[in-house]
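Each of the next two complexes has subunit A plus one other chain: subunit B in the first, subunit C in the second.
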Partner chain A sequence: MAQIFDRRANTLVRLTLFVGVPLVLAILGGIWYLFGWSDWHRDVGVPVAQPGGGFNHQLHVGLKLDCRYCHNAVEVSSSANVPPTETCMGCHSQILTQSEKLAFVRESWETNTPIQWNRVHDLPKFVYFNHSLHVAKGVGCSTCHGNIAAMPVVAKSKALFMSWCLDCHRNPEQYVRPRDQIYNTAWTPPADQLAQGKKLVEEYRIRSADQLTNCAICHR
Partner chain B sequence: MSRITAHRRRPTPAGFAKFAVAACCLLWFTTACHLEMYDQPKYKPLQQSDFFADGAAQRPLVEHTVARGATRLDEAATGRVGGMPEGAYVPSNPLTVTPELLSRGEERFAIYCAVCHGRVGNGKGSAVYPQFNPRPASFYDPRIVAMPDGELFDVISNGRRNMYGYRSRIQTVEDRWAIIAYIRELQKNPPAE
Partner chain C sequence: MQSSPIDKPAVVETTDAFLGPKQTLASVTAKIGDIVLTPLRKTPFGWPIGFVVAAIGLLVYLYSLVVLFTVGVGIWGINIPVAWGFDIINFVWWIGIGHAGTLISAILLLFRQDWRTSINRAAEAMTIFAVACAGIYPLIHTGRPWLDYWLLPYPGTLGMWPQFRSPLEWDVFAVSTYATVSVLFWFVGLVPDLASLRDRATNIWVKRFYGLLSLGWRGGARDWNRYEMASLILAGLSTPLVLSVHSIISFDFAVSQLPGWHVTVFPPYFVAGAVYCGFAMVINLLVPIRRWYGLHSLITMKHFDLMGQVMLASGLVVAYGYVSEMFYAWYSANIYEYFMIVNRTAGPYAWSYWALIIFNIVIPQLLWFKRFRTNIPILFLISICINIGMWFERWVIVVLSLHRDFLPSSWGSYTPSVWDWTTYISSFGLFFFLFFLFVRLLPMISMFEVRDLVHKMSGKHGAAPTGPSHGGEA
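Our next item is the complex of A and B:
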C-alpha cells in the first residue's frame, strides 16, 4: 500500500504543533488581554441611561450650580453622595412644575421613595476609595471624571484600572491643582504643571510614592 | 528479594512543552472565578437593596435622632435665646466673627445661596430667579436687614414658604452662622442698582 503521507508531512506536523498552535494561542491571548485593558470593554464614554427625564449636568452646571450644591458630602465623606429628591424639589417645586420630564421627580417626592439612579462609576467592592481626601489634597473632579459640565448624560471618562490609580499615586505632581480650581471642570494644566505640581505636592504634604502604593491603603 | 526500582521518566523537552501547553489551557479556567470579591454581600453608601420597602439600603434616621454626645442646646445650635426650642430669636451671631469665618461664609454662600439670591445677594441669581413666584428675597430688603440673626438661621435651617431648608446640606451650624456673618457684611454695602 502506498504511503498516504510522505516524509515531509512530519515537518508539517511539527511546524503546526510547535509554531502554529502557540502562534494562534498567542494571538487569541493577545486579543483577550488587550480587550481586558481596553476602555471600550469598560464602557468609557458610553452615556448611562437614567430613569425618567434623567438629569442634565450640562444644563444645571451651566446655571452656575456648584458641584457641592448637590454632591454636598464630597468634602467630608468617602462617598460623593447623589442628591436626595428634596434637592431637586427646592427648584422644581417652582420650575417646570408640569413638565413630563420631571414626572419621576414629583412622583418620588409624593410617594417618599428614592429615585433609583443608575451607577456610572463602580469600583469592585474590594477597593476602598475616599473622595474627601482626594479633594482636600488638590485632585479636582475633572481629573477623574472628565468635564462633567459638558455632559448632558454622565459617562465614565476613565476606565478606573488599578494602574491608573497607581500612576497618580506615584507621580501626583502631574495632576494636582490649586485648591480654588477643584470644582472647575474646565481646568487645564498650565504649561509648567510639573514645576507647579511639585510645589503643591509639598504644600499639601502628599506622602511618598512608597506609602501611597502600599496595597493596604486601597485593599483594606 | 527483588528490588523494585521505580521507573522514573526523566522530563524531556517535548514532554515539558506538552505540559506547558496543557497548563496554559487549564489557566483559561481560572479566570472569571473572582466575581464574588467584586460584588460582596455588603452595601456601599446609597446602594439599592431588595430588603427594604423603599428599595434603599441606607436607612433614614428616626425623626429627632441625635447622635450620642452630639446634643447641643446652646444658642449657636438653635438660634434661639437660651437655646430654648421655641424661644425668641437670638439678636446677633453667637460666634465670633473673624476673617476666617467670613471667607468660609463667602464660599458657602456662593455654593448654596448664590444660585437663587445672586452673588451680591440682590435676589437675582443666575438663570433661576425669574421662575420663582415669589422671587428669592433681596438681602437689602429693609425687612431682612432688620431681621435678628437667629431668624436668618431659622430660614437657612428649616426654609420658609417657597424656600426649602438647607439643614441637611449645610450640616454644621458653624457654616450656617458663617453664611449669616457674610450676609451681614454684604448688607453694609448695598450694590447700586
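Our next item is the complex of A and C:
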C-alpha cells in the first residue's frame, strides 16, 4: 500500500505540536502580558491638551503658589477640586490683565461659562478615591501625581494599575511622609524611609493591610 | 444506507446480549466504519435534515449571544432578588448531562463492564458537547464576557488573585479540568478507530485526514500497550471527576446560607441527578441514531435495559434528596427552611415543583418493569420526561429559593424573557450541530472495543472471528 505521508511528516507534526504551538501561544501570551503592563497603553507621560493655552503648572508652582490655593478642597473632600474661573481671576484681574494667553480665561469670566478642563487622572467610576483621607494620612501629592512642578502641561506619571494602589495599601510605610512635606512637589524619600514610614504609619494610625485591602475600601 | 422504517420488521431485537446474532470482526468494522466513509449523498436522509435544523439553531444561538453582548444581561428576566435565572439553570442542567458519558467511559471501564463498549463513544461525545454548551453560560452570565479571563489566576495588573475561597472559583477549575480530561480521554479512545478509518478510506485526502488524527497508529503490540496504559490512566483521572464536578457545582448553592440551598445532601444529590438526566440524554440520542443507521445488532435491548436500571437507581437517590430536603425543613425547626418547603409546594411557583415531582419521580417509576425498560418508545418518552424533570429541579432550586428568602420586603418574582428562551432552546442547536458533525466524521461506536467483545463472545454465540484482527491493517 502506498504511503499516505512522506518521511518528513513525523518531524513536521512533532515540530508543530512541541515547538510551533507553544511558541505561538508564548508569543501571543507575551504580547498580551507586556501590553497589559505597559505604561504606554495607559498614556503615562503623554501631556493632555487643555482648552486655551492650558494652565502652566511649572510656572505657577515655580512662583511658590501652594497646591491648595486652587485645589482648595483637597483636605476636606474626596475631590481635590478643579478651580472655577473666579479663582484664576482673583489674581489675573490684577496681573497680566491684557495677556493674549489669558484671553480664554477672561472670556469664560465675561460670559459666565466654565472652562472645560480635560481630566488627566481618570479613575473608573467603580473606584472610590478620597483625596482628603490620603492627604491626612501622609500621602503627598507627588507620590501619585509625580513632580507637577516640572510639568508645563500635566501628564499622568503613574499608570493607575490596581496593583499600584494595592502596593501602598499593603505596605504604606514605603510611601508615607511627614505632614509638612505633603505639598512639597520635589520631596524624595529619605534613606531610612521604611523605618520613618513605620513610625508615621503608627502615628497616623493607618489601618492594617488586612483592612486596607478589603474590597469595600475602594469598591463600594 | 439500508435503514428505514420499511425494513423494520426484519430487525431482530436482542434482549439478552450486548451484540446481535452473527456479528463478526469484519461486519462490525464495516457496519460502523462505513457510516463515516459513505459519501455524503448516500447518508441516511435524517442526517442532512437534522444537520441543517441544528445549524439554524446554532445561528439563532449566535444571534442571541450577539444581542446579549451588545445590550447586556438586562435582556434577560433576571433582577434582584432573582439574579440567577436561566443562565445558571441551563449551566447546571447541561453539565449534569455530561456526567453519564464520563460514568460510562471511565467508571464502567474500571469495573470492566462489557456493556459500555457500544455506547461509550457516543456518550463521551455527548459529554464533551454538553460541557461546551454548559461552559458558555457562566461565561456569558457575567455580562462582560470579554473580562472572563479575570477568573483565571494570572499575574495581571490587578495585583491580586481570584477569590479562591469562593465555590464559583472552584467551578472554573472543576469545569475546565473536566472538559480537558474528557476531550483527552475521548481522543485517546478514538485513535485505534481513526487508524482503521485511515486504512479503509479510499480517497487520499480522507486517508490523510484520518491518518493525521491517528498519530501514526500501526496496531502493533507496543501501540496497544501504550493505548491500554493511557486509557487506564485517563479513566482513573476521570472517575473522581464524575463525583467532584457536580459536587463542586452543588457547592455554588450549598456554601451559601439561602434556605433551599444550604443543605448537606446537595453534593450526592446533584451527582445522582447528573447521572440520571445524563443517561436519559444518552437514550434520547441513541434511539434515533440506532434507528436511522440500523445499529440494532450493536446497541441491543440489553443496553437499554441496563441504562434504564441505572436511571432507576440514580432517580431513587434524587427522590431521597427531595425527601431529605423536606425532612430537614421539619427537623431543623428553622422557620425559613420550613417556609421554603411551604413556598415550593404551595407558593406562586408550586406548579413547577409538582411538575418536577411528576416528571422526575412519578413517571420514571415505570422503569421498575422490564416491559417498559425494553419498550423503545416508552423508554424514549420516560427519558424525555426525566430531562424535563431535571431541568425543573434546577429551576426549583435556583428560582424558588431566590425569589422568597428571609425578609418579605425583599421578595420578588421571576419571569424568563424571550431572550432567556432563545438562549436556552437554541443551545440545543450548538449541541446537535456538534453531535451531527461527530456522527458524520467519527465512528460513533468504538469499533475496536466491539471487535474485542465479538472475540470474547464468539464462544457463546458461535460467531466466527474471520475478519482482520483489531487495529490497523497497515
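Some points to look at:
As a working rule, the second predicted complex is superposed on the first by the 209 of 220 C-alpha atoms of A that agree within 3 Å, B and C clash if a C-alpha of one lies under 4 Å from a C-alpha of the other, contacts with A are read in each partner's own complex, and residues count from 1 in each chain.
Basically, contacts are C-beta pairs under 8 Å (C-beta built on N, C-alpha and C of every residue); 3 or more make two chains touch, one makes a residue touch a chain.
Since we're looking at a predicted model, the values are computed, not measured.
In the superposition on chain A, A:Ala209 contacts neither subunit B nor subunit C.
Of the two partners subunit B and subunit C, more residues of subunit A are touched by B.
Residue contacts after overlaying the shared chain place A:Asn10 against subunit C, while subunit B stays out of touching range. In the superposition on chain A, A:Trp164 makes contact with subunit C only, not with subunit B. In the superposition on chain A, A:Gln94 makes contact with subunit B only, while subunit C stays out of contact range.
In the superposed model, A:Leu23 makes contact with neither subunit B nor subunit C. When the two complexes are overlaid on their common chain A, residue A:Ala150 makes contact with neither subunit B nor subunit C. No residue of subunit A lies in contact with both subunit B in one complex and subunit C in the other. Considering their complex, residues 155-160, 198, 204, 207-208, 211-212, 216, 474 of subunit C touch subunit A. Residues 18, 21-22, 25, 63-66, 68-69, 72, 76-79, 81-82, 84, 86-87, 89-91, 93-95, 112-114, 116, 124-126 of subunit A are the ones that touch subunit B when the two sit in their complex.
The residues of subunit B lying in touch with subunit A in their complex are 17, 21, 24, 37-40, 42, 44-46, 48, 54-56, 110-112, 114-115, 125-128, 131-133, 162-164, 168-171. Interface residues of subunit A facing subunit C in the complex, by the touch rule stated above, are 1, 4-5, 10, 13, 33, 36-37, 159, 161-167, 213.
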